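What follows is a group of structures, each given as structure tokens.
Next, two complexes with chain A in common: one pairs it with chain B, the other with chain C.
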Partner chain A sequence: MDEKKISVKVCLGTTCFVMGSANLQELIETVPAKYGDKVDVMGVPCLGLCSIDWEFSKAPYVKVDDEVVKEATVEKVLKAIDEKLAQQEK
Partner chain B sequence: MFIDIDCSQMKKYNQNAYGDYFVSKRYPDEARLIAVLSDGLGSGIKANILSCMTATMLLQFIENGQIPIRKAAEIIMNSLPVCKVRRISYSTFSAIDCDDYGNAKIVEEGNPEFLWIRDNEVMTPEYETIQSKTFKNRKMKVYKLKLKLGDRLIFCSDGVTQAGLGGGRLKLGLRRDGLIVLVKDKLSEQADISSSELSQYIVNQARNIETDRHPKDDISACVLYFREPRESLIFTGPPYHQQKDAEYARMFDNFKGKKAICGGTTANLISRELNRPITMDTTISIGKLPACSYMDGVDLVTEGILTLTKTLEYLESNTTDIDNAAGKLVKFLLDSDCINFMVGAKLNQAHYDPALPIEIEIRKNIIKKMANVLQDKYFKKVSIQYM
Partner chain C sequence: MAINTPKQTSHLKREILVRLIKSFLSDNFEENTRLIPYDMRPKGHEVPYRCCIYKERAILRDRAVAGLGLSIEKTDDSELLSTLAKKALERKEPEDKPLTVLTTACKGCVPARIYVTDLCQGCVARPCVNTCKFGAISVQNGKSVIDPAKCKNCGMCAQVCPYQAIQKIIVPCENACPVGAIAKGEDGHAKIDFEKCISCGKCVAACPFGAVHEKSQIIDVLKNIKAGKKVIAMVAPAIMGQLPCTPQQLKEAIQELGFADVYEVAQGADVTTKTEAAEFVERLEHGAEFMTTSCCAGYNELVDKHIPEMKPFRSDTKTPMYYTAEIVKKEHPDAVTVFFSPCVAKRREALQNPNVDYVLNYEEVGAWFIALGIQVAECSESKFKTEASAEARNYAVTGGVAKAVQTLLPEEIPAHPVIIDGLNKQSIRDLKKYAKNGMCELGNLIEVMACTGGCLGGNATVNAYKPALKQLTNYVNSSESLKSSEKIEK
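Right after this comes the complex of A and B.
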């Protein structure tokens, strides 16, 4: 089993913040409580995705390792983490 | 030299308007500053109108530059009417026209003599007296000074020098001598005190010696402090030409003074070009603003537009001491004298998506408004460079 920690980066740039990443900040508290030290959650100043994704309105963005979660919600992010953990256990 | 200027005022007890009026204006292109303090006859609304008219008229006369300050003041002195009831002058004034090189011209009519302090000693400048041709009891003093780094000038209304008049301890009031002792004591305790703190201190002390701490007259203290400027730089927004990122990052790095970055993309740009990691504050953002980040060699890193918009709001409404990113930016700005903005002109299309729940302003406009507030309200020197 791979012991590498999963990194979760919540974009707190302008677009993502107004589109709801302000509410995703609760992940910073809930994720460690749920997964312990298997997952690292942090806010980042900007993932730079809104300006290159020409569909724009997919903000807020969260990165779970290299996978981008578009229109992220707490549920979507938790699901992505679960999938990553399941993959690691295989 | 930078001229740190501020004025603190207190109303006469039971009045709802200030009877003294202070106005000042900086002219960055000419490195010049003009300030006028006027004390209107009586108190309340009437005094407010009289002093406001005198001060603003005098400022406009001087700023036009068509006539020298001395002539402008003389015209005003000769034309100010006399109160029918009390038979005394309608208002008194002090005006100063000075520059960053330490040249100062001062005229006084009726206000208490100003204090000139150098190395904690009171200087005695020479002056010329001009007698009014129309009113026998009016004369003004004209001074021409050469100021040095560290000098201070203190102008007061008679509410300060007459504070405590007729009371228990100081029968004749604070007077000029009392004011000198007060100011010297404060300066020996805190040699580099800002003008805003010193003027506030004088006004509070004057109020404290009044019976029941009720000011019997309007109290105003205006302080000018000639000192080395505190420079700061704010980099916000990615540059229009991406190929120049490295050049701008170097400029930012080479700046001597305090530095701030406002914007996630801008922070990433500097981090990439200077190879310095960013760490974000782990505390959950308070209110409606994203938290600050940290980077070596940068004093403050915040999100862009939202924080700038909030900062402008705080500056306009005099809101300080707020514990969020905008509050920190307000403190950063107010602790500087010369503020330089590097504003990237690139737009992020995503900010203008109508689906966004709030309207996001264009960066250039916010910075322009902020520069105006910082200049007009907080007397800062501001320069903006678009990239």
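Right after this comes the complex of A and C.
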């Protein structure tokens, strides 16, 4: 089976940025170093998740494929990537 | 400690600010403010940090009090947030002391002391016993024991233990404060001594419970904008590395908040550079051994309160904020001026400057964008009326001020810069030594920044240090340098 690359989108919209994705920018450098070409990582404009209701309080958001990571931290994102990779190997 | 480490406490503080701003903009400010702790921790909500939901709400309530710009120390627990919101709305000017401590959030850490852990092997060499100058350590039942009555917390034993079995237990705020202004009071909770405090903001950043808050002036600024006043923003250079947009987009975004215009404080920094370079030449021609910079408010307060002997060596040149505010008030005498700051210290400086009406920090500005749903990266670009030099825009980076001054010096009087990158107990001892000796063997132009990394390392910055530095440097590199024709003549 062809392995599909995992896509990681770090939201750099204003809300996410102020609520903490400023500190997730390091992922853009560290993820390729750690996972090579298995994972695509990029900073993206507002994903639109913060504007729903009062959901700004759950920012910053990161999307790992279709999975939304709320109140994202570097550790949470790496964990989500590892889980996806483990699923692919099955 | 690394600069600007990510913290959950920042998330909480910023969320409170967003909710306060939203509630101000709603049709019922007082009631919606009262509800903030309940909105954040509704019935049945999980309790992420504290013992119970009631304590979480009590702490969130106190965070909101600080957000309203009031002293938690002075408010009574029985006062409703709605009453306090009204009080904030009615005040004519901001309160003087810029910081407030939440006793509810302060854990009352274990007092700072030296502690022998179970890792002690009761060794034969016993360097701890031999090193202790106070005879505080003895070996009992095969383990080192410290006599608290004799121990002076010097930490020498911890340094020499071959097993690293002796630890220094610290109180983070006390440990971070370079001037001993914050300490546990008799009740075990942190208290700030404002006679000693230099407003450097290190305790704000250091407390793992987020128990030290800046008293926000956001309500005052919102009120002035709502009243239709001409409110002008003066943005300190560090802001250009803070948000994911261009400086010109940031200007437009700030105008969308309701500001009439935006001035770069770098414009005032250009005046500081010229004045300070001329002053340096004059001082050295008159035989001075060295001069220190004078643009960091935390450093200025340090000199005033703790190193008065440094006063003759500190430049008399005013800060970039001072000159910028002077320019703005001259051009717009009717304007209300708001300084956008990376740190607490500028709040103190602003209180002493009649040309600066209010101060907002970068966290507050960020929260305001969130509350209004402004996407800075999608804003159109708006040009600054006066463009500042590359050197002035680089003031926010450690070493930047000295570099700017150097650019304008004549060849016959070169500067040998000494960079104090962050105030701590050691750098304060060094400064005291230079002042006492009347000379500094390392150089003749001492640049002092209270924060490590310069203003980009300020306690209220939003962006991580590295990307902030990269973004700001790009802006600096795209700006015009000072002309050699502006050099000071000997």
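Assume the second predicted complex is superposed on the first by the 85 of 90 C-alpha atoms of A that agree within 3 Å, B and C clash if a C-alpha of one lies under 4 Å from a C-alpha of the other, contacts with A are read in each partner's own complex, and residues count from 1 in each chain.
Throughout what follows, contacts are C-beta pairs under 8 Å (C-beta built on N, C-alpha and C of every residue); 3 or more make two chains touch, one makes a residue touch a chain.
Predicted, not measured: the structure shown is a model, and the values here were computed from it.
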Message: Clash or fit: chain B against chain C, after overlaying the two structures on chain A?
response: clash
Field: Partner chain in contact with A:E71 - chain B first, chain C second, else both or neither
entry: second
Message: Quick check for you: in the superposed arrangement, does A:S57 touch first (chain B), second (chain C), both or neither?
response: both
- request: Identify the partner contact of A:N23: answer first if only chain B is touched, second if only chain C is, both if each is, neither if none is.
  value: second
Query: Of the two partner chains, chain B (first) and chain C (second), which one does A:M42 touch, if any: first, second, both, or neither?
result: first
Task: Return first, second, both or neither, reflecting whether A:S7 touches chain B, chain C, both chains, or no partner chain.
output: neither
- line: The only stretch of chain C that collides with chain B once the two complexes are overlaid, out of 187-195, 385-393, 403-411 or 421-429, is 385-393
Message: So chain A touches chain B in one structure and chain C in the other; where do those two contact lists coincide?
response: 12-15, 17-19, 22, 25-26, 43, 45-46, 50-51, 56-57
- prompt: Residues of chain B touching chain A in their complex?
  reply: 263-265, 267-268, 278, 280-282, 284-285, 288, 290-291, 293, 301, 303-306, 348-351, 353, 355-358, 360
- request: Using the touch definition up top, name the residues of chain A that touch chain B in the complex.
  value: 11-15, 17-19, 22, 25-26, 28-29, 42-46, 48, 50-51, 53, 56-57, 59
- request: Would you mind writing out the residues of chain A in touch with chain C in their complex?
  value: 12-15, 17-20, 22-23, 25-26, 43, 45-46, 50-51, 54, 56-57, 71, 73-74
Message: Could you list, by residue number, the parts of chain C that touch chain A in their complex?
response: 4, 6, 10-11, 14-15, 18, 39-40, 243-244, 363, 366-367, 369-370, 373-378, 462-464, 466-467
